[in-house]
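I have a structure I would like to understand better, so I am pasting it below and will then ask my questions one at a time.
Order as written gives the chain letters A, B, C and D; numbering starts at 1 within each chain.
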Amino acid sequence: MQFLSDNAAAVHPAVWKVMMAADSADAPYDGDALSRELDAAFTALFGRECAALWVATGTAANCLALASMVPPHGAAVCHREAHIEMDEGGAPGFYLHGAKLLLAGGEQAKIAPDAVAAVIDPIRDGVHQVQPHAVSITQASEYGCVYRPGELSALAAFAKERGLGLHVDGARFANAAAFLDCAPAEACAGADALSFGFVKNGGMSAEAVVFFDPEAAHMIRFRRKRAGHLQSKGRFMAAQILAMLEDGLWLANARAANAAAAEIGAAAGGRLLHPVEANEVFLSCTAAERAALRGQGFGFYDWGDGAARLVTAWDARAEHVSALARAISAL
Amino acid sequence: MQFLSDNAAAVHPAVWKVMMAADSADAPYDGDALSRELDAAFTALFGRECAALWVATGTAANCLALASMVPPHGAAVCHREAHIEMDEGGAPGFYLHGAKLLLAGGEQAKIAPDAVAAVIDPIRDGVHQVQPHAVSITQASEYGCVYRPGELSALAAFAKERGLGLHVDGARFANAAAFLDCAPAEACAGADALSFGFVKNGGMSAEAVVFFDPEAAHMIRFRRKRAGHLQSKGRFMAAQILAMLEDGLWLANARAANAAAAEIGAAAGGRLLHPVEANEVFLSCTAAERAALRGQGFGFYDWGDGAARLVTAWDARAEHVSALARAISAL
Amino acid sequence: MQFLSDNAAAVHPAVWKVMMAADSADAPYDGDALSRELDAAFTALFGRECAALWVATGTAANCLALASMVPPHGAAVCHREAHIEMDEGGAPGFYLHGAKLLLAGGEQAKIAPDAVAAVIDPIRDGVHQVQPHAVSITQASEYGCVYRPGELSALAAFAKERGLGLHVDGARFANAAAFLDCAPAEACAGADALSFGFVKNGGMSAEAVVFFDPEAAHMIRFRRKRAGHLQSKGRFMAAQILAMLEDGLWLANARAANAAAAEIGAAAGGRLLHPVEANEVFLSCTAAERAALRGQGFGFYDWGDGAARLVTAWDARAEHVSALARAISAL
Amino acid sequence: MQFLSDNAAAVHPAVWKVMMAADSADAPYDGDALSRELDAAFTALFGRECAALWVATGTAANCLALASMVPPHGAAVCHREAHIEMDEGGAPGFYLHGAKLLLAGGEQAKIAPDAVAAVIDPIRDGVHQVQPHAVSITQASEYGCVYRPGELSALAAFAKERGLGLHVDGARFANAAAFLDCAPAEACAGADALSFGFVKNGGMSAEAVVFFDPEAAHMIRFRRKRAGHLQSKGRFMAAQILAMLEDGLWLANARAANAAAAEIGAAAGGRLLHPVEANEVFLSCTAAERAALRGQGFGFYDWGDGAARLVTAWDARAEHVSALARAISAL
């Protein structure tokens, strides 16, 4: 009964189906019929003109998106627990050719305009200090918390005022959108680029980088190739994404994962370290309690010394979820 | 009837099968059972200890392999028509942090020790000129020609004498090995690292970087992650590779592609610009002749003004191949 | 009466003299007689075999030194107020090809083993998080405080135990050594590389990167050239450094600057934010007090809202120093 | 009697004089009075608005200029014997973050529009091949030959038509301008940026990067700092440049060097491999002849097996020049 992560979950049958249907020779790279549908698919989804590129990982998606905003001598501001800072093996430094990440604080791994201001206001103008060029946030955040449309709009307005691009790491964008139950565009309101994650949500190996200024995508196509991310059988990448977007599968899967997390969260009660809004549950528990849970067959990560992180996936089995909820209640 | 490239061909059913069998949650990244089999699988194949990493593209494979040999202030020598020089969008410059490619000549897009020497001997020792650290060759070459074991050994001896690493871009290594009909290890004799291609030969999206010095792989694992190439559902990458290695599927597929090319090459006779050894045919033909072939439904690339490139894939249909051979004979 | 910084002070007459004496053609770059003396000069000074390279700025010196220790996918730990983090315009990201700086805390802008441990102990082993490869400290620190030999030895032992290189940014190494009044080697005990500053201390445009493992210098010679820092008339660089080392001029100048700071510090009394050990004085004072000082003709930088930074140079005029001391006493 | 290079020649007394006059504390970096004169000085010289930055080496100047034109995924076209390709230790790869140099041919180390076209016309549009963004030429060329204003205008028109920036490496721009005896602006007609060399022509350690679009300089100020090239006592850099520009010293020095080369060239007669237009003489001579010249006390570089390169500097002594001319005549 694994609640370690959603990142290794199964691939949804509908994704397999469209991938298999794509298995006849077509133009290589992103010249195939499916890849050429992507821009229109995201344009329809977000209700505004988009350009979208597939890549194999969220790390590549995030870094390519940021590369459209941050020059080598610049910086992006992110939360100090952001995935790009903590878990991408230094990829932003690689893709941005040495640009910096500036670290802001904030509850729930979310950042607000004043937290960004606290980081960038002390930066002296001029060449001695690295100047900010973008803000990167994670929707849902690394603690499974969701920016509300109003929070996003405030950040976007702040970013615009300061001349900063706004990037949304949407590794779990679907979970955030499902939680908000709003138009997809509202769940990333004001973003210039979105890393739209599918792998954690039923896909196999395709994420999308969505540019809300289609012009910005042009240069990134060169950067994607240069990073070795332009797969020759790109049709299988596009297939995954199109399958996920078809009939709202991305939302359905996210709702399933969120519901599982909510059930666990409800059982956790006062142990919760963060509100359960997406598909992650952080709960306070001792080493002995964690051992007890593991003894009952539950897999999850420790989160520091006194806590555990439990992640639900789109395919979480109801009986596993209920068993976990019961086990937590019984601690 | 497409002979444009092998890079967008279908995925072999056996690959699909193993991929689908891999679709239950396992450890993420390369901690899954299949990924952990890779080292042993290549060790068995090559009869010496290997460490192998999957990546999604040949570009990433080549660049990561070279990154184990070439520091940012160094250079690699390759043929002036090498894929890394001509077709990878500058990826070596990115992955190697600005290191150079030094370009050597040679018939059939192959390079010999004297061609490498001609490039590096004039380089003055010292800091003013970029010093070579590696040689990179392509097996089979960009013109579909195959290095014989003796040629490889001579290059390897030369490289060793000069303190250079030896990298083999094996995007079509299977076709070369099939042509040579020798032990796999002989087909890349003396290499320090091999980019072992599977995508053109029946795979979907997985290539292997094989290090013959397993120690060298350690640093490259960091570089792979940093390049955004560490997929979370890596089990599907490993599955493809293991499926291809199983029961010699990689060789069987390559033999099929080679046989198709041979049939076309035999029909081309005196038009051949290069011997047909792998699965590519370069033939001299006028624009009118190319138009005539296209008029009969054959797809292929022009190769400059007076030639055509035809590539056969593992799934080339016999009737298409025969039709093309007849059409060429009839020109 | 300027106490803004020591970085734009006059050039010492002895430096001018040796520079002018160097003005006859010699071998270019670092092949001249003076440049070839550097290794021996530092070897004599430190009592152990050294290799030394001149460069024009402390930024270049620091980054080249770190480049000998930190691979592109790695990190160096430094104080969060370290010059390399705060004031070098992102140069470490450039020279280290995207490697990270990990930020530690500590009083007086100094870091201790436990502060480094607090940063690196939580880093998970493996490729997802950037691994530390070096520690960089500043001697004297950015707050004008000096690491004692015992502190250095403890850090060096810690670094060695953890497999980390130790770099000392010695932009004001002379001031630290003068304060410690010990053998130069003790003032950077355990360092693998030292950026030995001369520009702030009477030089014009030459700093030295000193490698205590001479082998490490080899690769850095390539990096220096590649960074455009190999000047063709290098003899003028070496001349500055040799002039400073001659007869202990570097220490004499530093003592003069330190004495001036001590006089000011003594007058500041309880206003001092940090002990005055080198040539910088940080004192608490209101905006009105700062305005009053400026009204009397003293130039200096604000340090946040409620403090001022005053820096003395080797050529501080006694009457200016005394006047400032009196003015501060009278606040 | 050294004719090895002009790059280690003496510093002109007028340069020393202005440097020494600059030796009182002023604002650091480029905030001093002299540095703030540079834009105006070059604006006056070229008769159009310029922005100019000092740097210590031609390598840094060239690379910073190119960085204003070429993105990391792009390329610059230069002659295959260009200094940036052959002698800068890979600095363009470093400063341009992995961008490529594409190599064109041409007599006298000069390139013409058709040579550039021959390189870039075969480049397929799209992401697989690195796209050109700039052309870089050397004035005077690496063989001491000078682009005529008409040649420059033709190149500039071509570059503009193709959307390429035009960079002029003017390590010996003074020699070219002296030869052309035209307005300075004509000697670099159409350039977007000029690396204006002073070190070889009587300076000590200061070159200028001149941007004819002052906006372009903004970003490069960040890049200069980031490369460790923003010296704190920048006033000494500016002083050198202003001294050289004062009363046309730069042209007077260049004329002296050119005259010396002309005298030698006249003596060389039919041995000349290239016309002597600036201050370099390439002459055909056997190993025995070279030994004979060296036996008479002349220092110079071999240029391959059957030639010698002789370079005259601004301070070439008339008797040495005459002696060399006689010795060559007598061969």
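Assume a residue touches a chain if its C-beta (ideal position, glycine included) is under 8 Å from a C-beta of that chain, and two chains touch if they have at least 3 such contacts.
Please read these numbers as outputs of a predicted model, since none were measured by experiment.
Novice: Just grab the chain with the largest centre-to-centre distance to subunit A, centres being mean Cα coordinates.
Specialist: Most remote chain from subunit A, centroid-wise, comes out as D.
Novice: Any idea whether A-B or B-C has more C-beta pairs in contact?
Specialist: A-B
Novice: Taking the mean of the CA coordinates per chain, how far is subunit B from subunit D in Å?
Specialist: Measuring from centre to centre gives 42 Å for this pair.
Novice: Approximately how many whole Å separate the CA-defined centres of subunit B and subunit C?
Specialist: Their C-alpha centroids are separated by 50 Å.
Novice: Determine the centre-to-centre distance between subunit A and subunit B, using the mean Cα coordinates as centres, and give it in whole Å.
Specialist: That gives a centre separation of 34 Å.
Novice: Counting only residues that touch at least two other chains, what does the list for subunit B look like?
Specialist: 72-73, 88-90, 93-94, 97, 127-128, 222, 225-226, 230, in rising order.
Novice: State the interface residues of subunit A toward subunit C in the complex, per the touch definition above.
Specialist: My answer: residues 72-75, 86-90, 92-94, 96-100, 127-130.
Novice: Can you tell me which positions in subunit B touch subunit C when the two form their complex?
Specialist: The contact residues of subunit B facing subunit C are 71-73, 97, 127-128, 131, 219, 221-226, 230.
Novice: Okay, in this complex, where on subunit B does subunit A touch?
Specialist: Residue positions touching the partner: 2, 4-5, 7-11, 16, 20, 23-28, 32, 55-57, 59-61, 63, 88-91, 93-95, 199-200, 204-205, 222, 225-233, 235-237, 313.
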